[in-house]
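Below is one structure. I have some questions about it.
Labels for the chains are A, B, C, D, E, F, G and H, by order of writing; each one numbers its residues from 1.
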Amino acid sequence: MTEDLLRTLFEQVRTGAVDIDAALARVRHLPFEDLGFAKLDHHRALRHGLPEVVFALGKTPDQVVQIACRLLSAAPNVLITRADAQTACQVREKLPAAEHFPLSGAIRFWGDKTLHGKGKIAVVCAGTSDIPVDEEAQVTAEVMGNEVEVIYDIGVAGIHRLMSNRERLTEARVIVVCAGMEGALPSAIGGLVSCPVIAVPTSVGYGASFHGLAALLGMLNSCASNVTVVNIDNGFGAGYVASLINRL
Amino acid sequence: MTEDLLRTLFEQVRTGAVDIDAALARVRHLPFEDLGFAKLDHHRALRHGLPEVVFALGKTPDQVVQIACRLLSAAPNVLITRADAQTACQVREKLPAAEHFPLSGAIRFWGDKTLHGKGKIAVVCAGTSDIPVDEEAQVTAEVMGNEVEVIYDIGVAGIHRLMSNRERLTEARVIVVCAGMEGALPSAIGGLVSCPVIAVPTSVGYGASFHGLAALLGMLNSCASNVTVVNIDNGFGAGYVASLINRL
Amino acid sequence: MTEDLLRTLFEQVRTGAVDIDAALARVRHLPFEDLGFAKLDHHRALRHGLPEVVFALGKTPDQVVQIACRLLSAAPNVLITRADAQTACQVREKLPAAEHFPLSGAIRFWGDKTLHGKGKIAVVCAGTSDIPVDEEAQVTAEVMGNEVEVIYDIGVAGIHRLMSNRERLTEARVIVVCAGMEGALPSAIGGLVSCPVIAVPTSVGYGASFHGLAALLGMLNSCASNVTVVNIDNGFGAGYVASLINRL
Amino acid sequence: MTEDLLRTLFEQVRTGAVDIDAALARVRHLPFEDLGFAKLDHHRALRHGLPEVVFALGKTPDQVVQIACRLLSAAPNVLITRADAQTACQVREKLPAAEHFPLSGAIRFWGDKTLHGKGKIAVVCAGTSDIPVDEEAQVTAEVMGNEVEVIYDIGVAGIHRLMSNRERLTEARVIVVCAGMEGALPSAIGGLVSCPVIAVPTSVGYGASFHGLAALLGMLNSCASNVTVVNIDNGFGAGYVASLINRL
Amino acid sequence: MTEDLLRTLFEQVRTGAVDIDAALARVRHLPFEDLGFAKLDHHRALRHGLPEVVFALGKTPDQVVQIACRLLSAAPNVLITRADAQTACQVREKLPAAEHFPLSGAIRFWGDKTLHGKGKIAVVCAGTSDIPVDEEAQVTAEVMGNEVEVIYDIGVAGIHRLMSNRERLTEARVIVVCAGMEGALPSAIGGLVSCPVIAVPTSVGYGASFHGLAALLGMLNSCASNVTVVNIDNGFGAGYVASLINRL
Amino acid sequence: MTEDLLRTLFEQVRTGAVDIDAALARVRHLPFEDLGFAKLDHHRALRHGLPEVVFALGKTPDQVVQIACRLLSAAPNVLITRADAQTACQVREKLPAAEHFPLSGAIRFWGDKTLHGKGKIAVVCAGTSDIPVDEEAQVTAEVMGNEVEVIYDIGVAGIHRLMSNRERLTEARVIVVCAGMEGALPSAIGGLVSCPVIAVPTSVGYGASFHGLAALLGMLNSCASNVTVVNIDNGFGAGYVASLINRL
Amino acid sequence: MTEDLLRTLFEQVRTGAVDIDAALARVRHLPFEDLGFAKLDHHRALRHGLPEVVFALGKTPDQVVQIACRLLSAAPNVLITRADAQTACQVREKLPAAEHFPLSGAIRFWGDKTLHGKGKIAVVCAGTSDIPVDEEAQVTAEVMGNEVEVIYDIGVAGIHRLMSNRERLTEARVIVVCAGMEGALPSAIGGLVSCPVIAVPTSVGYGASFHGLAALLGMLNSCASNVTVVNIDNGFGAGYVASLINRL
Amino acid sequence: MTEDLLRTLFEQVRTGAVDIDAALARVRHLPFEDLGFAKLDHHRALRHGLPEVVFALGKTPDQVVQIACRLLSAAPNVLITRADAQTACQVREKLPAAEHFPLSGAIRFWGDKTLHGKGKIAVVCAGTSDIPVDEEAQVTAEVMGNEVEVIYDIGVAGIHRLMSNRERLTEARVIVVCAGMEGALPSAIGGLVSCPVIAVPTSVGYGASFHGLAALLGMLNSCASNVTVVNIDNGFGAGYVASLINRL
């Protein structure tokens, strides 16, 4: 249910076409549809003005397909994240409009490509191995209606690579930075720009990286004041918040 | 050095009032002044368009006073965070314009009260014991030029307290949420609103709160997609990023 | 050996039908039968008035089948938890009365369906991915003789889903709440109801969820006073304690 | 506002002594009073049928006194936990009815000593050093209207001490067990009794006890199925849940 | 080279049958043979009076076979621990005297079955799933020349099972106790007996057992004073030290 | 009650001087005396043949004095560990026979100096800062009736210091090794000797020693097979187990 | 681009063979080539005077092959680390000059075997299972132009093995020491020699080795002052820094 | 005992002025002098060619003074680290040549100021609060005979401050970098220079810095290959190794 549909309902109430009890019932019963194993929350789109998202990890392929079908009946843009190969296969069979991104496991239905963001979002990663997380952020920001500038492989151990991208970075309205290992890139970028930086620690590394813990702690302790942090490998969350900020 | 001063310099260059070498020298030598123990970074204000900040923890009272004096000679608004009682005392003696906030240890010089934020920032805390962190966020957002709405003590174990503040929350353009113990409030608020939520875990709690670790992990794993996180007790960082977002 | 059998024995002793030495021998030798690799504890049923349970993880399929056979010779209701596919297969072959629950790995023998609980137990989960743990709690509570109300997918990021189930929650005599990620649902439900809430952290999540640690710490730090916690993914333990409470 | 007061209000509405708007206003405005720094939640007592509790840690003495006064104007029984010496002193000065328990920092106002619990609650500790946590549980259970049986110093390294208290343990309807170091006592007691056991890890110990972490992990992994766990040193929470269970 | 051989050498020196330089050379060159990838330490047997041991984890099957062959040429008793299926297969092919214990991965060459221990070693485990670790301790203690009493499945949640084995426990000269989950059994046994207890935490459990960490911490914090601890799942180490103690 | 007293009692029963009921009563009532806050366990001495020990940490000075008095009425040797200055002062005032060891906080009553150990116990430390823990082990082993050889400051970074003490080490029947920082000394000593080595990690160090965790983990992973471990700073436990072993 | 090529360029500029703009362009455009997914940093070789290195973990085989080809067009020596079997296979097919080291996953192109190191680098490991990490260090140091002395299996539990290699150790100019489990070898070697020791913790071990954490902490807390540490299993890093030091 | 003295001794042996037994005795007895609580290791100076160092933490003021006196009788340069105020006071009273550095607690006796290092050592810190650790590194490197270049406050969030010091950094032969919070500076510097970089994590920070753990993990995971790491706050170790490298 979009805001338009809701407005229509209110007008029908005003004109008497729908009486108040019926209207209340519709609104009250609409917030979520019950599929038994999942409550679909169509109000969420209304509340946030953003597409619906399905987190596929821990759900069976069947559950993901069912949820996706139901959501697509109500919204033009739907994003599935963390789908494994089997789920992706089943989704694409049933729903041929699906774009599949195998590195990150994202699946995108992008029916409505209207731009909502006011500026560019830069999505940056420190090394080639961080690209899957970067991709999730990029796919998310795009389906949310943003122009996205992608910059790969500019880690702090080669500062001139970072400096030579300085201009592209300063043009962004908000920046997503994905980095594993020591996770130092958000601090370095944070010091170069004056916009909000959303840091995504990645699980790239080995040994004392402890599956992303080192990068996470590094980013939480950033000496650059414009940095906030999301969960390890949470490219989606970073792309989502960046989209919210870019709409302001 | 503000952007205005820089523009003036460029114009002087164009008109020939200042030759290029002299101009370059002024810009090159300005980025940071050297106090021996600290490099003051006057460009930072230029880069971010925001006041200067001194993190007092681990600095001697003398160092803090010296840095503050130097910064105040170049900027109307200066914020000192985490000052202990002795430092606060010494600062206020030397610099009577100082406002002191003893709960959080913040000291504020607020010479220029122009509003830069486009909307309201809500600064919320879950419990009475989280107020010191909340205060740091509030003081920061105010000195950065924002209208701030403060809401105390609306933790998730009393959902009706949260629900009765729903309207005030939805009016905010960005929300800072401070919570200790299980750190669940940002998720609950994140689900109610559609703006960015900046979560600040606090070290409030005991036992398995592990000095804020429980709240930090909870917030990083938030099931609400519009939540990003800063360091434990980092009210300043949250207020700072909220200010950046509110200027967009 | 049920309490009834024991009472009969004591009466036989009183009437002289069984002499004291013989009686002592029967009681002394009954506490546990020795299968070599496991000591079956038939007294436990007597002590707790509850069915026997086999924890299959780390046992071979053969061991599980042998233990189950022996237990079923003494008790109508037996529960096997955490059985892998191979064990489940072998159990069902030998013991066709077995009900198998593949999501959680539970296998149930439910010969005696008498209700022992005085009220309803609500078994709630925050998201679709938590259902396996929920199922273990539900299967346990049922085989222990309880009416169970199952509510899926009412996480805190969509508070209206929680609020719309408020009535069903307040009708329960004890509530089991399974949640992964930030584990905030027990606090929110704990604040809505006045009955005991048993919180089960699940290993659902990724990155800084650290396999359920984030949810565990969140629940241990709950600001709702009516919450106690069991091990990560321990749906069985939660269903078991809820059953004990519901018999009081 | 107790349930009785609420019933009276409804009856006044039925008889017309209070009109509906006025009644609604009273109920709507009552949920919490705003003291500025804390929202007092008088509905909570109504919801849970239990006295009000103030967690003093992190609040100033003044704040605690103000909250206590306000709560006492609405309820005969109030419990303050974790009050330091200065707070206790100030509370006792202003509110002479206060009972102070210096080991645990609890302060109790016990105006209404009606028994609500249906049986006895046993509050047990493993060693002499665990007594402060035990005391908090005992004080809580008593002010909630329960008969409490206290058993000290029966740790697992002296099993005969445990066995010689077996009868007292089996008479309890619910048991609170406080233990530090390896935290093994709840498992041993859990195996002896058939009622719910609430385990409280204490921070007693040194070295690899890691301030109660060892005991906490031990209790979460208890091989006794009737054990649930609360936060380290959370005697209050254990006493509170035990009281809820004992009312069933 | 056994102590006997060494004594012979010294006597040959005294009688002049071997001159001093030759004797020195033999002793000096014997300490370890170099296989390139491993230094075999034949002196170790001499120093400790105990058989040689090969830790197979992380070695290739070929390396294990080569080391075992070389050791067997100098000693009648050799123990291989943690051999995977492929290594076990290859060893048994080349060295048919090998006894293979698939639960623990131990392989034993037991040419000399002389008893060296002065009393019995009890090897105890808390649950059926701990048997593999127990087996490693048993196999080790046996090959070191000890009479071993094995007792399975007497965890603390069923104290009567423990008590009914009390006599067998008090007869032992040293006791090895393997336990996972909360690891409470060594404390309980330690309180019952007056001999040294060697505790082996096992990785049995799930969730907050953190792969044996909970049991390890529990055992390190044991309130029984006669308990020492070895690494998680280190049945070999426990059996080895128990053998050293039993020879005293 | 010592074993001798118990034997006397049994003989009195045999001769009829004490009837069976009286004898049973004496034994049954003796196991522990109840001081209210602590159950004194006089059977423990009987069971272990060793003096009584009071762990003073977390007990009030009054409690320690009371327990010590009661224990001294039944046993010639009593050891108090971890007494702070105030407790030590009060104990010495009331009980002038007390020997006080301020480095470790041990207080010793050593009425009966019979030697029970069959050989020497070596108590070794890696550095000067580990001496307090060493002292606790030494005091314990002495009061338990052992000849103790103390060797200070022979850490692995100066292997020649270790080697020059090799003879003294090989003469010991059991060795206690206290080491902080990387905790490597037990491995090095374990490789030099063939007797049991009890390793005590100490909290000596800073930074990544994490209060003894580094030493603890190092010792648990020792590549020397004759090493077992006790809790961080637990000199008492090491001295106690060493005494048990030295009596065998 | 090697330093020689750069010098040539400068000389061409001086002689006028290349004009300044062209020279600048070449230098400016050379720093990194963009392959889309990775920025190849040809300046790095210039800056460090050392071969290029590709970290294969997390890169696809195709990406590794492409990067290696591009690098080999500019440098005679290239090292690939952490290549899995499939990547190694594809690299060797495309680039037959590749030497493959299957234990460590290293692939080496060693076109220029000039010695740059001034002395010998010793690469030592504590046990046979540490050899893969040792190999990575050795391969790295060799391709960087060093004479390498490899010493296997001289762990601290057999100090005489260490002592008998003392001479070879003291001849080295810098020593790399790889050790898992308790990680004590660097301290012992550090105390024997006066050159810098680079410690590499390995993930060899089980249980409380926590995948190398125990060894890492041990090495960080080394009581030998000449020890620095790299990441767990980072043989490459150790070999690289040793090479830098050996060039000084 | 310096190498010269040792050579003299050997010559006396060759000429017969000292017989072999006497020579052996002198060498054997010299390695360490026994002060009872500490073994002074005069050979260490011989082995490393470097001054003696006393780690004062955990030693009594008296012990430190005694050790220092003894060491000064044999060596011109002695360094005491981590002395608290009381120790410093007592040392300076007894030994007026002491230079005291109150920020770091270092005390230096610098009798022989010969330069041994071949180039400059740069000692760098990220922020003003890291200066105490920096000072310890500087004092150490100086007393070991090095020219030291100190650079303060050039953290990564202000990359231009770093870049403007680039020249001074590239002139160093080895660099010590101290940084707290996210610990990113060593990576950034490591990428700029081609010499070895020794990273010192500091405990500067709060919340999720976990007393230096975040910086430590960041540095261990550095993507710059020329970085090795020492313990948190271990400025001494870094200065020491830097000195060893600078002598090569």
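By our rule, contacts are C-beta pairs under 8 Å (C-beta built on N, C-alpha and C of every residue); 3 or more make two chains touch, one makes a residue touch a chain.
Just so we're clear, the structure is a prediction, and the values are computed from it rather than from any experiment.
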### Neighbouring chains common to subunit A and subunit H, by label
B, G
### Task
Over half of the contact pairs shared by residue number: find the pair among B-H, A-H or A-B that meets that against C-E.
B-H
#### Entry: Mean-CA-position distance for subunit D and subunit C (Å)
26
### Task
Report the inter-chain centroid distance for subunit F and subunit H in whole angstrom, where each centroid is the mean of the CA atoms.
38
### Query
Multi-chain contacts in subunit E: which residues touch at least two other chains?
158, 192, 207-209, 213, 216, 220-221, 225, 231-232
### Message
How do the chains pair up in terms of touching? List each pair.
### Response
A-B, A-C, A-G, A-H, B-C, B-D, B-H, C-D, C-E, D-E, D-F, E-F, E-G, F-G, F-H, G-H
### Query
Which residues of subunit G touch subunit F in the complex?
126-127, 155-159, 162-163, 180-184, 187-188, 190-192, 205, 207-210, 213-215, 217-225
### Summary
subunit H contacts subunit B in the complex at 128-129, 131, 152-154, 158, 160-161, 164, 204, 206-209
#### Entry: subunit A partner contacts - residues on subunit B that touch it in the complex
47-50, 53, 118, 173-174, 192-196, 198, 216, 220-221, 225-232, 236-238, 240-241, 244-246, 248
### Query
subunit C touches which residues of subunit A in the complex?
31-32, 36-39, 41, 43-44, 55, 57-59, 63, 82, 201, 203, 211-213, 216, 231-234
